[in-house]
Each structure stands twice: as C-alpha cells, then as structure tokens.
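Read the structure below first, then the notes.
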Amino acid sequence: MKIGVVVSEGPYTHEAADTAYNFVRAALAAGHEVPRVFFYHDGVNVATRLSVPPQDERHIQNNWTALAKEHSIDLVVCIAAAQRRGILDKNEAERQGKDTDNIAEGFRISGLGQLIEMGIQTDRLVMFGD
Amino acid sequence: MSTLHTVNKSPFTNRSLESCLNHCKDGDAVLMIEDGVYGGLAGTALAEMVAARAGAVKLYVLAPDAHARGLGEDRLLDGVSPVGYDGFVDLVTTHDRTQAWL
Amino acid sequence: MSDVKKFLYVNRKAPYGTIYALESLEVVLIGAAFDQDVSLAFLDDGVFQLTRGQETDEIGVKNFSPTFRALGDYDVTKLYVERESLEERGLTEDDLQEITYEDEDDDWAEKPSIRVVSRAEMTDIMAQQDVILSF
Amino acid sequence: MSTLHTVNKSPFTNRSLESCLNHCKDGDAVLMIEDGVYGGLAGTALAEMVAARAGAVKLYVLAPDAHARGLGEDRLLDGVSPVGYDGFVDLVTTHDRTQAWL
Amino acid sequence: MSDVKKFLYVNRKAPYGTIYALESLEVVLIGAAFDQDVSLAFLDDGVFQLTRGQETDEIGVKNFSPTFRALGDYDVTKLYVERESLEERGLTEDDLQEITYEDEDDDWAEKPSIRVVSRAEMTDIMAQQDVILSF
Amino acid sequence: MKIGVVVSEGPYTHEAADTAYNFVRAALAAGHEVPRVFFYHDGVNVATRLSVPPQDERHIQNNWTALAKEHSIDLVVCIAAAQRRGILDKNEAERQGKDTDNIAEGFRISGLGQLIEMGIQTDRLVMFGD
C-alpha cells in the first residue's frame, strides 16, 4: 500500500517527528511504500542542517536524511511555512537576498500542492503533529 | 468502511480524546500515541469515560510510548490493547482512513 | 475508482493563539486548484475561527478572517460547523460571519456556505471522506 | 503579597485555566491572554466555573487579544475586566510575582 | 533584602511527548550553581515525569528520568508533588521513583526529596516564592 | 521597576513572541526597565535571520532586533536549546564544524545561567510560551 505522511511539528520540541520516523520505518519494513513525507507548520524545522543535538541524543535530521536516501523517500518542505520560519535552500536564499541557506541534504522545498498531490496519489495519509 | 483515529495528547490536560470518542462510529479504532497513551490507564478519573466506548470502538495504545512513560501493560484499562509501530501500520492499512486528533 | 477524492479539512483550534487556522486556510486555497471534492469541518475551538468582527490591529497580527468569505470564489462551498461546539462556547450562528457562494447549477443564486450540523451529522461527514487533514 | 497568574490557552481545549483557578489565593489576579481570553466569555459551558472565583480573585482579559478574536466587551462575564498591554504591565508590577500557567 | 531568592520550577507537563520536562531539568541543574533557595513543583501531568520504570529505547529518545535521582547531589532537595494530581491519574507515591538526598545538617542522613502535598499546600508553596519558572 | 522576560515558543506558530513584544513595548513606555529577554525552548527560533514572512505580515525577528537596539535590551538565546534546533552564531558554527551560522543582529547566544541571573537581578519575571 502507498502511505503518505505529514509531520507538523518541529524536532525535539514535540515527539511528532520521532513518531513519524518510527512509523515510516515500520511501514517500509512491512513492505509498504512511503513515497513522500511532507513537512508543514513547525515540521519544516526538521530540515535544518544546523542542528547539533547533544551526543547522547538522536539526531533527528540525520535520521530522516539517511532513511530517505536508503528508501528513496521524497522529503518535501512546504515553501510558505519554511519562509516564515527561516528554512531556505540555495535558490530561495538567493531569491530573498539572504546570505546563506540552511536546508539539509535529502530535503527539498516545494509548494503545498505537493501535500494535496500526496493525498490524491496515496492510499492512506497519516498526520503527526501537536 | 471504518476509521482509525489517533490521539496524541494527555486527556488530563487536553480534551482531544474526549472529542475523538464523541466523533467515533461503532467499529472504528482509536490508537493512543505519545502523551495520548495516558488515556489508556486504568484507575484514573477519566477511566470511566474511556471504558464506556470500549467494545463499540476498539482501543489501542502504542506500547513503545507507554513503556517510555513507565506504564506497564498491567496498568491498562480492560479492553485497551498495546500495539507496536508494526501494529500501528497494520491499523492504518486495515482501516479506510486515518484521522489525527491533533 | 474516480479520480476525485473527498478531502476534509478539520479545524479544531482557535485563531491567532497558534498558526494552525491560518496555515489550514493556506492549504485549502492551494488545494482548491486540484478539483477534488472539498469540505471543511469546524468543531471544538475551530468554530472560533469564523466569528464576526475580528480586529487584529492591536496585536500586530494579520487578520485573515476575510479570506473565509473568498472561499466561494475557489469553489469551496461546504463549511460544516458543529452545533454542540457553538453551544458550549455560548455562540449561535448569528455570531459567525456570513459566507456565501454563487451556485452555478442554480442560475448563480447566492447561497450560504456555512451549514450548522449536529455532532452526529459531523460524525457521519467525517466517516464519508477519503482524506482527512487535521489542523 | 499576591500573585498575578496568566493563562494563555482556551479552557474549552486545555485545563490550564481550571488548574490556575484551583491554585489561586484570594486576592490574587488572573489575566487571560492569547487563546486564554475565551475563558472570560459569558454564556458558555464553563462560565459558572470561572464566575465562581470572580470577586475572591480578580479576573482580567487582555483586550487586544479579545478584539482580535471578535469578542466585544459586552460578551464578557460579569466581574471580568478588559485591560490593554499597559494594564498588563501594571498588573505585573502591582503584584509580587507572576506565574504563567503554560 | 537577602541575596537569596526563592525559585520555584513548576512542572505541569508529561515527559517525552514534548521537551518541556527535559529542558526544565536542564535549567534546574544549571540554576543549582547559583545558591538560591530552589524548589520544584510537580502537578497536573507533571507528576508523570517522576514515574518509575521509564524505558525509552523503543521510541529512540533519551531517558532522562535517572537525572532526577542526581538532584540531591546538586543540593536540590525539595520536590513537591501534588496529591490530587496523583490521585486523578490513578497514581500513588509508590509509583514514583525514590529520590533522596543526604542531609548535611543531620549527619548526612539519607532523606526523601519527594514530598507529597495537598493542593492547598501546593497553593501556599507557590505563594511564597520570589521567582516562578513554568514548564 | 526591572522586568525580565522569557519567550518560550517559536515565531508565527505561537502568539507568545508577539505578546512578549507588545508587553515589552508597553513596559518600556511606562518607564520600566527590561534589561534582558531570554529565549528558551522553541523561542530560540525567533533569532534566525533567515525568516522571510509574507510582506503583509509582521516580521517578528526584525521587530525584536529594532526594539533591542533602541532600548539596549540584551536578547539572549539559550545555547543548549539553540544547538538542538539549529540556531548558531559564528563561533558556534565554527566550533561545531557547520558551514554557516544563522543568528540575527541583536541576539547573542549564551548559557542558561543568564536566565537564572535575570531571575535574581530583576524585580519581576514574566514568561510567554505555550
């Protein structure tokens, strides 16, 4: 089955990004497809490459980046939500006149249409948030 | 045609579980995750509200979240079943839709 | 199976204290381009999103409540509001904005988009969807 | 010696206001801000709980937040007073401490 | 006025679902270096922070509950837990971790740090503070 | 009177940063001192200079930066909370081997001791959060 996933809260502050990660791993292990994970609201903050958690804690962004690479998951960060919160890729940084970007490998910034498309194209949609 | 509802907030703080139980149809399932697992506890001030829907609605708690919080399965209400992340996935696929009570 | 899915946007949170109401509306506006069967549900504190007379100048935050009145232009015409949620909060339908759409199947007659429904009806509406997005 | 309590969550969703009112001393003040202003509404299912403490505890709502949400002062419970940000500052300085019920 | 202020850390949220419990503890540990009069209050869902037997391996999150047992070494010895909050949640003091400190004024006798108090006593404790930090 | 302020939630997602800003302006207008504002939990996200809100919305970071400059307010971002969430200054970025920082003008990163110190040195402490 194709399962779409939405992450609506930021890393560490809420458990949502962790639960989603554990859920996606289990779905893949059970033979399901997770073609895309959509990051919305504070969920976009998962995508910063500047996070430096204590060494004895999990590294949420690294975990997602690795999982996406291994299973070809499309990690999409909502552009409107990301702009408000200061998550930018190279293109956006240039377009907005900012001196740097901060998005991590494996994430891409795109529009809310990708969320609707995921709802249309998957068999189930599961949301994790606050 | 049935729905899997997920609830992730403590019912002692937030009324999401109550609202969810008020909008379930018989045959639906409710999975309590994250801080929502406290809704599956026996012997609480809210146990009666939850137990009243057990049976008509299937009730689950996400065991990894319960264990994280020190809640053994002996603390769960009758009629509340623990599941792992694999069971969570099965619940998603065996119901027609998932509704998150965020 | 038809290409058209039934999408329900569930709004259970008050406006301004958190961003969910605004960012929900942003999804609805974008989603309208996809020609799906769209409904919005307002229950619990979500009913506060629709109150009349919101004036946000003093808090310095943008007032997005007028956007609800534009939904008809996007063919978003089904806004279900739960009666029990209104009553618990001391509200009646008169406290809500008037939101209308022009019905192209009825000679563009202007009709109300807000439909106050009972909790039991809301439960049925939820159970008829393909995709439920929660805010 | 008295305390200014602030509550910023809707009492219809979250039990912070209830917990705050249960931990106030007579002579304290409770200022409802942000989504907390809904706690000052008259005619609601919770109005009685709030009104029961009015008098012993002084109740305020932050008017800018009430206006943002379309709540005119005619909608407020008897005994609940609107204040602006300047009034908020005065409440902070005229009480001995501020306790936020986050 | 003395240089020592009475600081109260108020914990009203459950652990792991949100980070507040952990980041509250981080403030307490740093704050201990400042030689103030420190107390911790656990009420509402905050009492869940102190339960025994927390095992977080399956969720992949660090278990910080053992840190509470180290608080005595930082001279943080007053952990007030509200009885009504425990009872509402079906908990008793036996469900909580044992947390102790060595009392230097009493020949280093080991004493319990957790003090279960009534709601009325908790209200009094709150009203005696200079600074209240809420988590 | 000296009033210390804590902001515990991120910009846009919660109203906390707005309420705190309006409160601080009113306190200053009334003749009080606000020597420091401490950003903790997701509050550290207020300090990113990469935020690009829609043009018809308030710019929360810019507002704080301007207010701090005008009134010499010490805007302190908790280092531990900031590291988890990917808010870094130049020093931290170098120390952590990151290729860029993202902190905005007027904010500085420091330890939790600054929060306790603020509690000791001010007459009142007011917290804004979730």
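For reference, chains read A, B, C, D, E and F in written order, and residue numbers begin at 1 within each chain.
Following the convention adopted for this analysis, a contact is a pair of C-beta atoms (placed from the backbone, for glycine too) under 8 Å apart; a residue touches a chain by one contact, two chains touch by 3 or more.
By chain, UniProt protein names: A, F = tRNA 2-thiouridine synthesizing protein D; B, D = tRNA 2-thiouridine synthesizing protein B; C, E = tRNA 2-thiouridine synthesizing protein C.
Small disclaimer: the values here were computed from a predicted structure and weren't measured.
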By label, the chains that touch chain B as well as chain D are C, E
When each step joins two chains that touch, the fewest steps from chain B to chain F total 2
The chains touching both chain B and chain E are A, D
Comparing E-F with A-B, the one with more C-beta contacts is A-B
Interface repeat test, B-E vs D-E, C-D or B-C, passes over-half contact pair overlap for C-D
Interface of copies chain A and chain F: same or different residues on the two sides (over or under half shared)? same
Averaging C-alpha coordinates per chain, one finds the centres of chain D and chain F separated by a number of Å equal to 26
Separation of the C-alpha centres, chain C versus chain D, in whole Å, is 29
Taking each chain's centre as the mean of its CA atoms, chain A sits from chain E at a distance in Å of 35
For chain A, residue numbers touching 2 or more other chains are 12-13, 15, 19, 22, 41, 57, 80, 125, 127, 129
Chain C residues touching 2+ other chains are 12, 16-20, 44, 59, 61, 131-132, 134
Multi-partner residues in chain B (2 or more other chains touched) are 8, 12-13, 15-16, 34-35, 64-65, 84, 97-98, 100, 102
Here the pairs of chains that touch are A-B, A-C, A-E, A-F, B-C, B-D, B-E, C-D, C-F, D-E, D-F, E-F
Residue set of chain F touching chain D in the complex reads 1, 3, 8, 15-16, 19, 22-23, 25-27, 29-30, 32, 123-130
Within the complex, chain F is touched by chain C residues 16-19, 59-62
Chain E residues touching chain D in their complex are 10, 12, 20, 43-44, 119, 122-124, 126-127, 129-132, 134-135
Within the complex, chain B is touched by chain D residues 12-16
Contacts from chain D onto chain C in the complex sit at residues 8-10, 12-13, 34-36, 38, 41-45, 47, 63-65, 67-72, 75, 84
